[in-house]
Amino acid sequence: MSDTFVWDEEREARLGFDEAVFCGGKTPAQVELILERAIDADRGLLLTRLDAGRHEALRSDLRERLDYDAVSATALLGAPRAVRSTGGVAIVTAGTSDLVTAGEAARTLRYYGIEAGLFADVGVAAIWRLSARLGEIRGHAVCIVVAGMDAALPSVVGGLFRGPVIAVPTSVGYGVAAGGRTALHSMLSSCAPGITVCNIDNGYGAACAALRILGVQR
Amino acid sequence: MSDTFVWDEEREARLGFDEAVFCGGKTPAQVELILERAIDADRGLLLTRLDAGRHEALRSDLRERLDYDAVSATALLGAPRAVRSTGGVAIVTAGTSDLVTAGEAARTLRYYGIEAGLFADVGVAAIWRLSARLGEIRGHAVCIVVAGMDAALPSVVGGLFRGPVIAVPTSVGYGVAAGGRTALHSMLSSCAPGITVCNIDNGYGAACAALRILGVQR
Amino acid sequence: MSDTFVWDEEREARLGFDEAVFCGGKTPAQVELILERAIDADRGLLLTRLDAGRHEALRSDLRERLDYDAVSATALLGAPRAVRSTGGVAIVTAGTSDLVTAGEAARTLRYYGIEAGLFADVGVAAIWRLSARLGEIRGHAVCIVVAGMDAALPSVVGGLFRGPVIAVPTSVGYGVAAGGRTALHSMLSSCAPGITVCNIDNGYGAACAALRILGVQR
Amino acid sequence: MSDTFVWDEEREARLGFDEAVFCGGKTPAQVELILERAIDADRGLLLTRLDAGRHEALRSDLRERLDYDAVSATALLGAPRAVRSTGGVAIVTAGTSDLVTAGEAARTLRYYGIEAGLFADVGVAAIWRLSARLGEIRGHAVCIVVAGMDAALPSVVGGLFRGPVIAVPTSVGYGVAAGGRTALHSMLSSCAPGITVCNIDNGYGAACAALRILGVQR
Amino acid sequence: MSDTFVWDEEREARLGFDEAVFCGGKTPAQVELILERAIDADRGLLLTRLDAGRHEALRSDLRERLDYDAVSATALLGAPRAVRSTGGVAIVTAGTSDLVTAGEAARTLRYYGIEAGLFADVGVAAIWRLSARLGEIRGHAVCIVVAGMDAALPSVVGGLFRGPVIAVPTSVGYGVAAGGRTALHSMLSSCAPGITVCNIDNGYGAACAALRILGVQR
Amino acid sequence: MSDTFVWDEEREARLGFDEAVFCGGKTPAQVELILERAIDADRGLLLTRLDAGRHEALRSDLRERLDYDAVSATALLGAPRAVRSTGGVAIVTAGTSDLVTAGEAARTLRYYGIEAGLFADVGVAAIWRLSARLGEIRGHAVCIVVAGMDAALPSVVGGLFRGPVIAVPTSVGYGVAAGGRTALHSMLSSCAPGITVCNIDNGYGAACAALRILGVQR
Amino acid sequence: MSDTFVWDEEREARLGFDEAVFCGGKTPAQVELILERAIDADRGLLLTRLDAGRHEALRSDLRERLDYDAVSATALLGAPRAVRSTGGVAIVTAGTSDLVTAGEAARTLRYYGIEAGLFADVGVAAIWRLSARLGEIRGHAVCIVVAGMDAALPSVVGGLFRGPVIAVPTSVGYGVAAGGRTALHSMLSSCAPGITVCNIDNGYGAACAALRILGVQR
Amino acid sequence: MSDTFVWDEEREARLGFDEAVFCGGKTPAQVELILERAIDADRGLLLTRLDAGRHEALRSDLRERLDYDAVSATALLGAPRAVRSTGGVAIVTAGTSDLVTAGEAARTLRYYGIEAGLFADVGVAAIWRLSARLGEIRGHAVCIVVAGMDAALPSVVGGLFRGPVIAVPTSVGYGVAAGGRTALHSMLSSCAPGITVCNIDNGYGAACAALRILGVQR
């Protein structure tokens, strides 16, 4: 392990993305090693999929240096960047359980200095809620739509919002919705023109796509 | 074959549904045989999935006795029943290619004396179209929603219409939408409470479900 | 979280359904918060998928106010509504393990004042059991059929019962039956005309569909 | 090709099954070559999946020597064996379109001298039809059940028939039933104990299984 | 629960199979209730999928009355039947992990008085092991073949054994073999004529099929 | 049909996208009707999935007014817009058969006045071809990557190109690659951060996404 | 098209493989263009998936220059290389319909100067045929095993042959075997250690893998 | 159990592979029994999928005799063989989580006396890392490529490395990548000619394939 995690300076220069640490499947010891290296190098760091159990298991001196958010299972190491003024990103979610993935997107954007607007629980089974907040949503340059189950929301948003729409399916649900394939396929099949889609639960990827569009990685 | 198609009088008495003839996979000769028997017995008959090619291939004297509709691929034999007054059924579709299945439902209902209201091309990527016709739709007792692709429409309708909502996925689409599984799963996963679903392209089944609800099979 | 759960008065007015709380995936703390709000607002509440572990973990003062049923994993808060006279709903199940989902349907109906008739363990591998109770089942206006594995029961019931038949597949089973896809597909493919289907294990949805048909949400 | 089709005398001796020719995917020329060899060797031959088009395309002198059945797409070469008295095989089908596969089974059995009893169109959506013929069916030693769509029939038969039940799913159907996976999975998940299953549309295999049970291959 | 488990005397009379108890998914309390009833009725009982954990959790006085086998996760209540002389059943397995399912089949047969011959670990990657025991296997009337992974064994056995061959796929394996679908499909696709197949891990069903063939249920 | 195709002026105003006509599944008569209406209204029109057969079948006076491209199966009606200067879109493809979808994207962009740069046949099995053209590709604001089979190209491009990357899977291929699911899943799983994905073969959608990003719909 | 097909001299130098032309999905005109270029450049060429229809449609002067093989759907342009002495490749097939893919492998090897040994129709349902030819097969350095349906053959061969075994699934079959997924998964799950697998029907790839192992691309 | 695990001397002689013990699904007691037998027989032994929990649970006297590696979950019993000089095997991985499977391959090779070269974390989203180490990789006779997610790496390596390339998909990933099917399909669909593939996570199999190629099993 110790030989394989290095800051890829070349990649950071080319793409403008810092290395992020996907903690899913990593042991606490592996996460601790990475944190120590980042601290030694005096670098900030974004950690995703750091669930509460793994977070609790980290050495306390390391854990205390993290800005941890349990809902999104993300942690930030180091002082946050200053918030930039960019016209911004709206994150729209269908249900409360989509907040995990929406939070991962929001925290990733915050790491790069973007404060996203969050519009939660405006799923299409209660379409009047979305209508009520449409003006606000339209005030942003990019819209990330997070939805599970039937994922009908991106189609409605995509018919009302003119800018780029990035859809993120979530694995929330039961029966045929379990695991997120239904939401994913629904988004890919959307009748609204020009919606693009990320992998299931990939809030981090949606945020990176928004950063590429805004051109503000660094 | 000649031994296996008989009017199941008992079934008709129990359920109130006449025998319907699913022509998909049947040869013209097989369809002709059934038509002859129905004419001999002086019975009306509903034929579904009778595509234009099969219809053209029927013996002309039989073909001329049919009320054929190419869009829905259905044919009616015999004088139509009088239209009943029931409070009615609304059929709502997302796109023009859903008219095949919507038509199968409408013709089945008409066979039983119900004139359905058709609300076509009100998919959610243009939500204002649906809003404009919502009052009319609400004037019906039962709503059949036909949609392919992402099938977001039933969720929106199910959040606005108080009565029974029967959703029918269609096989229209390409990529992950091809074949109708995405639409089916999307409908089953709908966040709107109490929507029920039929098999892909099953307009006939949706009409029968509406007839069961209205209690007007015969 | 605190900002996203609100009583959607508009939805309740439109559809006649109260907000129900799907507890699957919610933490005890999230459930407690919702219960407190409902108590403050002096509202009744239906909770589904509240498994025994989560129920046990609730704060005891809140837990004591709940009418909890372990088999169906549902809880009711507040005094139950008076039972209405409606002609009624029959719930028919194939096997004992289908009682979880059947119970969710029954409890949802009870929340809205409907006392359903339960006909358990009448699967088709013992068809004489069903025959013995058919007269009773026919005395109801709507029939919900709950079945896992091969889900042959709805086809048989759908050929004997004239009114609306709502089929609910369950995830019970092993091998190709595990997860409920086989039961779902079997129901969607039923030869009995006019059967409609809900998502796997969705007893709540089946009950809502019955309420829409009976028109007795509120 | 000419080097690879030979009578496997050893196999015939071991299992008692003659070589059968699966014509699906073979060109008329390939079938003709095999027929010529069989005629040269003065052997009888069973051909399956010989659809009408391929049959028509065969050289007329060869075609005339075949006992061809269009419904089951099978042909027999040579004089048929005398019918044996064995207690017999019942073939039960759910719908008329299952007759293709049922016919393949019946013709295979006939090739080996067994005249099967055919009980067609007794699907469970009309359960009284099956009841009416149950006594007759029970008079056989082995029961082959052929069904597509939801394939509910084998479960009912398996609960009423005491001897071996061999279930054959058919690819008949549309939507989720298309291709026969739903019928296959439904049969494998049957609640009736001791039902066994063949591949989709495999009437030939079901007949061979019955022959193994009866011990009458040769 | 208490109302739904009853001895179905009619079924037992028709099919000759006693009620068996599938313990997968049942709580210890549910199993205990059934055991008590069987003891009260002075009946023997076969329990399947009673894993070690559930077995340990049973009330000790009940547990002590069971003849439990941990490998096959089965338990027998009551004195075993006398072994009958029938010509017998051979159970052939590909690997050691198939012994769970093979054991379930063997114990079910034993419950009905049949002592099966077990031929373990004769998978085709070591074909000489099978050859060495072929003579013995051929001494039985029926052959049950249990295999996971690529399930090549039934094809080889089916080409060497003349009597009925019942194939049971197991869920053993990883990657594309995990869960048993590969083994199931492989068995259904076997080139050896007349092999029939049971659901994944369904040793009980295979035994019942053998009992139907031998006609020795009771 | 005649009632269901109308210019949705409101949608055009909101999103800036003209109505486009997806000809897959439409009859020549239906396409002719739409063309006549567009000509009457003096509007330009983009038609996609108009394959050579359907194009040939159009009435000659209508066909002659179309700018048709057989490779991409697209047609433009009306004078093209002037080309705008926008920084541009690069379209990168893995193989020659991806040119169908790439062409659909390029023609859609051209309809809106964007002349895309095409970089064909630079798949990763010949990585030096991509390297040779990387400088040119980087000169564009947005990159659309079209690939079938294993779709490894977007991951490589996504690691070298800083701006937005829109990946389009194609249905080209055989075996596990047939239909495009492998390419789709591969793109969704890409390790390069911030790549977003369209439905299989959806070149039109990718172009619309690029237009949303550039903000140049109209 | 004309800009995108070029001889990739660098690739040829690196890997030692000539460009091969996959004709599946290419029009005759596209194939003719490539042939003309090869003739102009005085190069040999291997064409795969050139079915009889496409071959017939080629311009006669070009067609006459091809060494065409209808069974394998391959064509060679130019004088064949001299046969090299390498220890060789054995190609083993389970059934006659596997000869298409086996032929593609054999012709690819021949293009590079390797004359493979073909061992056809030695499927495991007749294991004695394989045994009879095992000595010959073992005389080769590499073994390619081609099989469809249950693909049991590679496991048996892999347990008897010491050298590299390359397994190629074929799409031959019906029911669950149709398309080749069952054969593919069966091969990947083989219990014989160290078997590797190619895509379905990929005889060309298997030959290339053998060439890599023998180190004789050029 | 005790009767079914034996050293298959014949297999070892034929193939040159020692029996290896797949511990996934085995209890510690079963593993201990095998270890005792190997010690009694004075044999070395390779154990795979022996996760940390199972390893910890082994009897301490047995555990102490093992050379255990937690990352690859493998254990070696007995003195290692001397390292042979063979030209060697390169193992290339895309990400750090692929080290589990890469390690299983490396340890298997080491068991047979081959010291593989490990090239970790050279995934294609950072293509320059691979370029930097290409010279070294090319110094080996065989290349094993281990990758999860989109598995783009084997296509790139297969276009740059002339010798045999064995690709191993890993189950690492989330969303559509979870379980390894995407990686598997991507590898099978690779455009680089002559790549062959093993089952998901099957590092052991890849090593055995390399040993077959090198001819150094024993």
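Note that the chains take the letters A, B, C, D, E, F, G and H in the order they are written out, and that residue 1 is the start of every chain.
What we mean here is this: a contact is a pair of C-beta atoms (placed from the backbone, for glycine too) under 8 Å apart; a residue touches a chain by one contact, two chains touch by 3 or more.
Predicted model, so just to flag it, every value in this text is computed and none were measured.
Trainee: Mind listing the chains that sit against chain C and also against chain F?
Mentor: Touching chain C as well as chain F, we find A, B.
Trainee: Keeping to the contact definition above, tell me which chains border both chain C and chain G.
Mentor: D, E
Trainee: Report which of E-G and B-C is connected by more C-beta pairs in contact.
Mentor: Pair with the higher count of C-beta contacts: E-G.
Trainee: Between chain F and chain A, is it the same set of residue numbers doing the touching on each side, over half shared, or a different set?
Mentor: Over half of the interface numbering overlaps between copies: same.
Trainee: In whole angstrom, how far does the Cα centroid of chain A sit from the Cα centroid of chain E?
Mentor: 49
Trainee: Hey, how far is the Cα centre of chain E from the one of chain H, in Å?
Mentor: Chain centroid spacing, chain E to chain H, equals 35 Å.
Trainee: When the centre of a chain is set as the mean of its C-alpha atoms, what distance in Å lies between chain D and chain H?
Mentor: 46
Trainee: Would you please write down the residue numbers of chain E that are in contact with two or more other chains?
Mentor: Within chain E, the residues that touch at least two other chains are 11, 125-126, 159-160, 175-177, 181, 184, 188-189, 192-193, 199-200.
Trainee: Among the chains present, which pairs are found to touch?
Mentor: All chain pairs meeting the touch criterion are A-B, A-C, A-F, A-H, B-C, B-D, B-F, C-D, C-E, D-E, D-G, E-G, E-H, F-G, F-H, G-H.
Trainee: Enumerate the contact residues on chain E facing chain C in the complex.
Mentor: 1, 3-5, 8, 10-11, 24-26, 49, 169, 171, 180-181, 184, 199-202
Trainee: For a test of understanding, state which residues of chain C touch chain D in their complex under the given definition.
Mentor: Within the complex, chain C contacts chain D at residues 94-95, 123-127, 149-153, 155-156, 158-160, 173, 175-177, 181-193.
Trainee: Within their complex, state which residues of chain E touch chain H.
Mentor: Its residues touching chain H are 71, 96-97, 99, 120-121, 125-126, 128-129, 172, 174-177.
Trainee: Contact residues on chain C for chain B in the complex?
Mentor: For chain C paired with chain B, touching residues are 11, 14-17, 20, 159-160, 162-166, 184, 188-189, 193-200, 204-213, 215, 217.
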